[in-house]
Amino acid sequence: MVSAAEQRMLSFAEALHEAFDLALAMDDRVFIMGEGVPDPRAIFATTAGLAEKYGADRVRDMPLAENGMTGICIGAALMGERPILIHQRLDFALLSCDQLINNGAKWHYMFNGAASVPLVIRLIVGRGWGQGPQHSQSLHALFAHIPGLKVVMPATAYEAKGMMLAAIADNNPVIFIEHRWLHPLQDQVPSAYYTVSLEGGALLQRGEGVTVVAFSYMVIEALRAARALEEVGIQIEVVNMRGVSPLRAEVVLQSVKRTGRLIVADIGATSFGVAAELVATVAEHCFDSLLAPPQRVANPDYPLPTSPAAAAGYYPGAVDIATRVLTLLGQESRIEQMQQRLQREGPEDVPQSDFHGPF
Amino acid sequence: MVSAAEQRMLSFAEALHEAFDLALAMDDRVFIMGEGVPDPRAIFATTAGLAEKYGADRVRDMPLAENGMTGICIGAALMGERPILIHQRLDFALLSCDQLINNGAKWHYMFNGAASVPLVIRLIVGRGWGQGPQHSQSLHALFAHIPGLKVVMPATAYEAKGMMLAAIADNNPVIFIEHRWLHPLQDQVPSAYYTVSLEGGALLQRGEGVTVVAFSYMVIEALRAARALEEVGIQIEVVNMRGVSPLRAEVVLQSVKRTGRLIVADIGATSFGVAAELVATVAEHCFDSLLAPPQRVANPDYPLPTSPAAAAGYYPGAVDIATRVLTLLGQESRIEQMQQRLQREGPEDVPQSDFHGPF
Amino acid sequence: MIAGAQQQALYQQLLRIRLVEEALADRYSEWEMRCPMHLSIGQEAVAVGVSAALGVEDVVFGNHRAHAHYLARGGSLPRLFAELYGMAEGCCGGRGGSMHLIDPEVGFMGSTPIVGGTIPLAVGAALAMRRADQKRVAVVYFGDGCFEEGVVHESLNYAALHALPVIFVCENNGYSVYTRLQQRQPSRPLHQLAAAHGLHSACGDGNRVEEVRALAQMAVARARGGDGPTFLELATYRWREHCGPNYDDELGYRPDGELAQWQERCPLSHYERQLLEQGILTPTEVTTARQVIGEEIESAFHFARNGTPPSGAEQGENLYG
Amino acid sequence: MIAGAQQQALYQQLLRIRLVEEALADRYSEWEMRCPMHLSIGQEAVAVGVSAALGVEDVVFGNHRAHAHYLARGGSLPRLFAELYGMAEGCCGGRGGSMHLIDPEVGFMGSTPIVGGTIPLAVGAALAMRRADQKRVAVVYFGDGCFEEGVVHESLNYAALHALPVIFVCENNGYSVYTRLQQRQPSRPLHQLAAAHGLHSACGDGNRVEEVRALAQMAVARARGGDGPTFLELATYRWREHCGPNYDDELGYRPDGELAQWQERCPLSHYERQLLEQGILTPTEVTTARQVIGEEIESAFHFARNGTPPSGAEQGENLYG
């Protein structure tokens, strides 16, 4: 345990920065690579100053060549390096599915353990300020389906640092997915080295009647919903499903066994998404405990339109979660009041009102 | 309706060939492209003789460049052509995820309907004869999760022809997935032009107590299980889920409302796969009808090892389905007898015993 | 030889695109155009020169920095602005924003921000033309960054293999975001790499609109004549930040004085001076042109800002065609 | 200059790989090696010549046609055969088969069948060597088909940009499966395309083992000396079918007589003749060599066929490392 004195508030982005700084200092085999890593914006400041501190060899820019660079990182990893490869948008990583899935995910397995691929791939999910159809995709379900990849989606600054350090220490390719709206959010973060498990979820609060399992930014929305519900006397259970794949659902199963009701809140498209796996796993394993149909709260099955007006209503949030909770609990009469309580102020397309893109 | 006189037995591969022949004859805008399309093996004979008949311009070989060629087909489609692009293994299409997902799936949507992409992508799923980790992946779940793509998996020769013709006539990118072991299987196939809907499933047989929903080659296994069960007096319902995405699950929901029990049999890896979506959809919509936990019968969550000995037991089949059925029905005592009845003869790694690869 | 009327038209185009983008930059900080926006200020001559060589039957694809590609091709200005303001009247009904433009009526087939993403599309369009035995040409614009993406090479290979009527227009502005070309590619000429792929290939000054037009005319003639694809590398420079309305030289990623040097080589003022000196343009005509364009811009802003915000509820439509 | 002992070693390697693959072809139709198999018969001189230039510290990646790459590098023959027979003693414990070979003890880092898939891996290995300031070299073998895959160009670009110690060995056998090079790529030399990427580049006769070795020595010297990557295009020919044990000339995809011509240029018999003429090899030595290798092969078959079939139940293991 870390003493209170050591704890400071850091943003998710700052926590990542600290993780990189620690990892680079501790282990020469670690290097960071990505388009813009050493540039003035430094991947939303998460790599700021590191090139100056550790040199261009360890904190590297790269050409626009997502598949090739993924393969190059895999090759370096096979030689014992521990690369961290960054894409400023998850969408760009679609170019690298071949290397990720055919090579990275399988190398250790298909060569019967003769070699391994300690590689972290950071993917940032865009949202807001007109990110539109090609800069906002949250396709963690694709990676989660691939045996041999680990997929994690931390929701807090504490987890960001601890899971990044765990991912760097892990001997497998880890897909590390960051919702961009998490970057400014603050949390207590110890300054020392620590890790957070890459597997399984964390029970954030105990309660009754409903379990909300949330992924990534939806954890924030789930907690907003939970707080608002608490104010009207309803205490739900909330699970932060930070370790996506391989799926370790014990904490969810135990929770649903207590509450009997399940809502899964995801940041991706609904159909064939990770929420389906959670619902299926619960249906299989908690069948006798379930008191009501499980629910999914996730994006609609179409791309994000760019226009803020058109995008209004695209992303579900605390309101939708709370509405589902009240419906499940048969308290429909309180929905309207709850929706008013949870109304967000300011424009919908930015994480905070002083945010102005431009990208 | 087609008269009986017009019906002949054709294999799945022959039915596809006939579909191409018809489509090429009917519509100048149709062309076929793929590595090996006009070569002596002609994509497992599905394109045999077509280059000779329609010319190298319409029945085209191509360089090894999956992403580029996908983009080129999309570009041609935007000009009104109707390309059919073939990959001899689904695994190769991972190179083209960018063009498929970022462009093909979204073009019509993001340009608000100003243009469309009538494109068919044929992906063949390998199995057996040591296909191993990079030549056997059945990753339809990846494509099913992408709004804007249609994903279909015909299971019979009749469907192969009818769904291929429907896919060619469709104005959207259609991912047409063929399990290689279906290729030799025969069915009655009308010689005329006809289409089979790209959406939804087909109820293959009515029954009681259990609904088995199967994808692609698992339809064959499900029917084998169903016949064996029938012989011992158990009549199950079987749904062929040939239209995967967008999901139209009505036939499944209706069936489960009758039977109360669900088994989903898929040809891909279990976790985060399409079976999860089916289970989740049923759990959401048939909650009150479900009498037992829904079940998934699918591949384990690791790559296919090449060695036939190592691969033994990798693929679930009729035995596993029947075992689940009997378990669900509380007839565990009959499982052993059923397993004997369903034992396959000959080597497990080939569709029929005279099959000898070499690829 | 180029006629005076054509020169005036080229000038008009350069001026119009410059004024449009300057107006966009000015208004961006009202935060009403809520989408990433990559301006072409300083690079206008490429799109203007290339477009001048095309016929109505030809088709064009752009990339993330596509306002100039779209406008030079004749894309609707009001619909562009409406798109930037996220209105239903936008060229994508608001679904695209600055990074996704389309105007099929003038053969502008679409622009998208995945680097390299539209290059094979143009090759595919050219394949369709070839199959239909048409004398049309497909054009695609892209940046120097594209050369790093494998899909570009796949596209060049296929275009050369089948001698397709496609023109690859590389706007080499020396940067990909903040990263200099030398940090991303070895020192060797871009256009020679295209030539090694078997393409006819040329390079030129992307800030000289007549030079660009001449190169493009050569490429178009080759394509229409069945001589296959051409690759054009055009040197130019982005004046403002990679994405957004401002200058960003204070960030220090570009050498001191580099921007100033390129601004001296401004494609617009250079050409203006030239035409004034040659007497093809008079100072009054310049003033009038600025005024007319200014009014057009104001009216487009008016159209856009008074557009209809699309309804979120309708956004599930048109997913499938 | 090359010493007689070295020539004998080269010959031994050529002969061994030829005899191994002929034995595999003979036994394939017993249907006990149940996996796709791409033989290198006719192409042996490339792997033998390149391997002769490498040191123990260097690393090698192969592609789908990798028996020769693996054996020339010193990979274990019994473990290769056991792998083909799908046994637990195989170099991948049976998980890989012919298309996935590995022997890290001799620096053979892996071969896989996705065309182009291992090329960036070798570049990454070279990057690791460079970062560690080692004088090691990474080698990757690939076919003429690779040039069509974008990832190859991405890899060449990066290797040239950072002057990495990697050698790209292209076995140009003129075919990708049944498709001739001319149907897939425009007519221009492969190695010149690599040169245009900024790589040092050379081509040579892939059927002449000493020529290959000399080119590889040059490339290795450059890499170790910090002069960066080299691209070698080596012309050669696949005798048998693309995949499988047979001749397939009856399919008619290759011009009449082409195979015969290349068989006359057989890398093995040519070299045998040369060494016999030069007196470096005696007929008795040839006979002995064949006999010794034959015994080695038989013993490897024995090892493989009496291996332990891996248990399906254990195949969930080792997914994560």
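Read from first to last, the chains carry the letters A, B, C and D; within each, the first residue is number 1.
Here, a residue touches a chain if its C-beta (ideal position, glycine included) is under 8 Å from a C-beta of that chain, and two chains touch if they have at least 3 such contacts.
Not measured: the values here are computed from a predicted model.
K.L.:
So if I look at the partners of subunit A and the partners of subunit B, which chains show up in both lists?
P.N.:
C, D
K.L.:
Mind checking the centre-to-centre distance between subunit A and subunit D? Centres are C-alpha means, answer in whole Å.
P.N.:
Here subunit A and subunit D have centroids separated by 42 Å.
K.L.:
Taking each chain's centre as the mean of its CA atoms, how far is subunit A from subunit C in angstrom?
P.N.:
From the centre of subunit A to the centre of subunit C is 36 Å.
K.L.:
What are the residue numbers in subunit C that touch two or more other chains?
P.N.:
92-96, 100, 112, 114, 117, 148-151, 153-154, 157, 161, 184-185, 319
K.L.:
Give me the residues of subunit B that touch two or more other chains.
P.N.:
62-63, 65, 67-68, 91, 95, 98, 102, 109-110, 132-134, 147-148, 246, 301-303, 305
K.L.:
May I ask you to sort the chain touch graph into line, ring, star, complete or other?
P.N.:
complete
K.L.:
Under the stated contact criterion, what part of subunit A meets subunit C in this complex?
P.N.:
35-36, 39-41, 61-68, 91-92, 95, 129-135, 300-303, 305-314, 347, 349, 356-359
K.L.:
Can you list the subunit A residues touching subunit B in their complex?
P.N.:
67, 91, 94-95, 97-98, 101-102, 105-106, 109-110, 132-134, 137, 139, 141-142, 144-148, 245-247, 268-269, 271-277, 279-285, 287, 290, 292-296, 301-303, 305
K.L.:
Where on subunit A is subunit D touching in the complex?
P.N.:
Its residues touching subunit D are 31, 57, 62-63, 65, 67-81, 98-99, 102-103, 107-118, 147-148, 150, 171-172, 246.
K.L.:
Within the complex, which stretch of subunit C touches subunit A?
P.N.:
My answer: residues 28-29, 31, 34-37, 86-87, 90, 92-100, 112-117, 145-146, 148-151, 176-179, 183-185, 241, 243-245, 251-253, 309-313, 315-316, 319.
K.L.:
Along subunit C, where are the residues that touch subunit B in the complex?
P.N.:
Per the stated touch rule, the residues are 59, 61, 91-96, 100, 102, 104, 109-110, 112, 114, 117, 119-129, 131, 138, 150-151, 153-155, 157-158, 161, 318-321.
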